[in-house]
Amino acid sequence: MSRGSTLVFWLGFAVVVGLLAAAPLVLPAFWARLLSEILIWGLLAMSSDLLIGYTGLVSFGHSAFFGLGMYGAAAALLAVSPPSIWLALLFGLIAAAAAAGFVAFFSTRLRDIYFAITTLIFSQIFYVVIFTWTAVTGGENGLTFTRPPLALPGLFQLRLSPANLQWLVLAIVVMSYLLLRRITQSPFGMVLQSIRENEARTRAIGYPVERYKIVAVMLSGLFAGLAGVLYALQNEFAAPDFVFFLVSGETVIYNVVGGIGTLVGPIVGAAFFLLLREALSRFFTEFYLIPVGVIFVLIVIFMPQGLLGFARRWLNQ
Amino acid sequence: MHAGENEPEASPLLDVDGIHSFYGKSHILQGVSLWVGRGEVVALLGRNGVGKSTTLKTIMGLVQPSQGRISFEGEPVTGLPVHRLARRGIGYVPEERRIFHLLTVGENLRTGLDRPGITKPKRRELLDKIFEFFPVLAERRNQAGGTLSGGEQQMLAIARAMMLEPKIILLDEPTEGLMPRMVAQIREIIARLCGERVAVLLVEQNVPLTLEAAARVYILEKGAVRHHAPAASLRADPAPIHRYMGIGA
Amino acid sequence: MNIPLEQILIQTINGVVTGMILALVSSGLTLIFGIMDVVNFAHGELFMLGAYVGVLTLAATGSFWLALISATIVIAVLGALIYVTTLRPLLGRDPLTTILATFGISLILQNYALWQFGPVARKIGEPISGHFTLFYLDYPWYRVVIALISAALLGAVWLFLKFGTWGVWIRATTQDRVMAQAMGIPVPRVLLTVFAIGAGMAGASGVLFGPLTAIDHAMGLDWILRVFIVVVVGGMGNLAGSVVAAIFISLLEAYAALWVSPAQAVIVSFVVLILTLLFRPTGLFATAVR
């Protein structure tokens, strides 16, 4: 990237982050919370972008990673007293990583469509297990718990009010974005993109493609799990609905609509749909998914680069 | 670009004019022009990669040219869908034969035979003729295409194309990978096609066969026709062939 | 652990019955995939809508048979519409786009059904009443009839593919789309027809499964996963394979239901999938000839 565009990027980045940071102070509570939710789903979609946009692997399994992040956090918060946010993070990330490892092991040797179907089915396996293992997971009803404070024992203790939590979410999502950006621009990220472009050639050059894919899936799962932990913290419950494969599908939708391979695109996509849902739900109540589905299909057909790609092209004219 | 003494008749069966074709970003055909008259055997020679197969594929509609025109029987056909070109009477026998491996020999033939306007007697007639041409296929009629030997598959590929009652057959390297005995058989088949007034546009690496079978020869290099002459003159003076195909004296 | 023989037998028949219906739905999907490399996420919704069309027809005419016929035709037409508007424009592109597009369509169809028919489940009455006695238990005839109809429909599709011009066209196009075109086969029409046939099969299955279950907008969701498993285990594009896989998996699930709850019995199919992917990813029954 040229120095000029790097400067523009960081300026733009600073502006956006600044605006988002101001939001909890400026926006009414409902909208600030919605913004936070957009960021969390955006993080989930970003994690999926690492696979779809950069490695060329369509995963429908992100609901499993997200859900396990959620349940892992719940487990930590319920099992250990006093509830520690760090344990919640740790448990959530480990659970998500374990799930990702499991899925990666089976799926990465498969090509395209099989990969998609396999990840889909695995996310359902997790769903069924969570749904039926009522003793541990609360089954259909899920688990509820209270939000822990952000605390470093001995140093400080910060109660996570809605505003504080929103800033925490913003901080974590921004950090994740920067991390993911770093990853995609690193040599590792370059190999992933090479796999997306031409897997056979990458393999022929000598790269252990399967291993790269497994790492990609696990990284993706980690960030998805992180999103799950954040969601648990925000809502103070964990429910099996979020592990159902439809959530994976919606994640992919946000990703594709926003623009795959852009990292920012997925967040835009999430924003687009969540705001759309808000707008439409005034009129359509539960059936807002019909226009959502129609718009999605239209975008897949006519704007395959997603909203971001479309905007980019439009701006370049 | 037509050589003076080889001007086409008023309206040749197949007329290709200034075709440019791309394969991805590669500019493979850079202005190919040729023509084939009714019942004529015309050959395309050239080294590997010059665009001989791409020329056939473009004529067949499998590759869309970015520039240029193709007419068949006097009518423009550039851009028509492949299956319509086939029904109009252009038969295609690709380099890898590509018979339907899981269909029987009979079913392979049916893919060309089952079209509107074919009556039962006509069907009978065409099948009888093809089995007379290729008795081996009659024997193997109910066998899956994939079980046939290389030479038999080549025969099936040609037979299949003939089921369309084509006016021209595009033959892409029919002798590749075949034993010498089979090469002679291909030579006979081409002669019989010519006898039936079916034109042949032949792409080949086998120069002797080409010079025997064809009436006229185009030599391609780097995506365009560099030389065009009657086969007779090339038999007498093969210098152009040596020059463009890099074959030693 | 002493399970009476009668129960095992009952579960066997149940497994076969469900298996036949599953086979019918899955064959449609695998046919579509084999010929155009499209994984139709909306297949479960076609199944579901078929059931609803059945409900409406049944209410209007009182005939199960008319319901079956109308569902098949209506859903086949719907399939053709979906193909023409959404899938045909995407055919040349990355297979990812068709997965996404059909996923989007499944969302639309699911919520459309929810909107039009409401959340309360419907029912399709049994086409034939009466039971026969199996040992000392009563087993309803209609289930056997449903299995037989599914088998008959599958047989009809198989015959259609084996003989007849369209059958040759479909098989040729599935094997080599380019050469099929070069042989004058009207491939665009063939693709459309196959999608419509696959859709019709799903629609018919919906009606056939109707009497065995409660019909609601979400019934497709359950099935699509099983269908995917069947198709992968049977070998994608392999018709006979998907039939065998469907019965195999349904039987295993039926037996598993003797020990665990139905919600958990579904794990059996997941395990079969995992084993298949580990040891025979091209399909457990891939040696079955098309």
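Letters are used for the chains, namely A, B and C, taken in the order the chains are written, and counting of residues starts over at 1 for each.
Here, contacts are C-beta pairs under 8 Å (C-beta built on N, C-alpha and C of every residue); 3 or more make two chains touch, one makes a residue touch a chain.
Here the structure is a predicted model, which means the values were calculated and not measured.
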More C-beta contacts across A-C or across B-C?
-> A-C
Per-chain Cα centre nearest the global Cα centre, belonging to chain = C
Among all other chains, pick the one whose mean CA position is farthest from the mean CA position of subunit A.
-> B
Mind checking the centre-to-centre distance between subunit A and subunit B? Centres are C-alpha means, answer in whole Å.
-> 55
Distance in whole angstrom between the CA centres of subunit A and subunit C is 33
Mean-CA-position distance for subunit C and subunit B (Å) = 44
Of all residues in subunit C, those that touch subunit B in their complex | 165, 168-169, 171-172, 175-176, 178-188, 289-290
What does subunit B use to touch subunit C in their complex?
-> 60, 62, 81-83, 86-87, 92, 94, 98-103, 107, 110-112, 114-115, 160-161, 163-164
Would you mind writing out the residues of subunit C in touch with subunit A in their complex?
-> 37, 39, 86, 89-90, 93, 95-97, 99-101, 103-105, 107-108, 110-112, 114-115, 221, 225, 228-229, 232, 236, 261, 263-264, 266-267, 270, 273-274, 277-278, 281
Interface residues, subunit A side, partner subunit C - complex | 52, 58, 106-107, 109-110, 112-114, 116-118, 120-121, 124-125, 128-129, 131-132, 245-246, 249, 252-253, 256, 286-287, 289-290, 292-294, 296-297, 300-301, 304
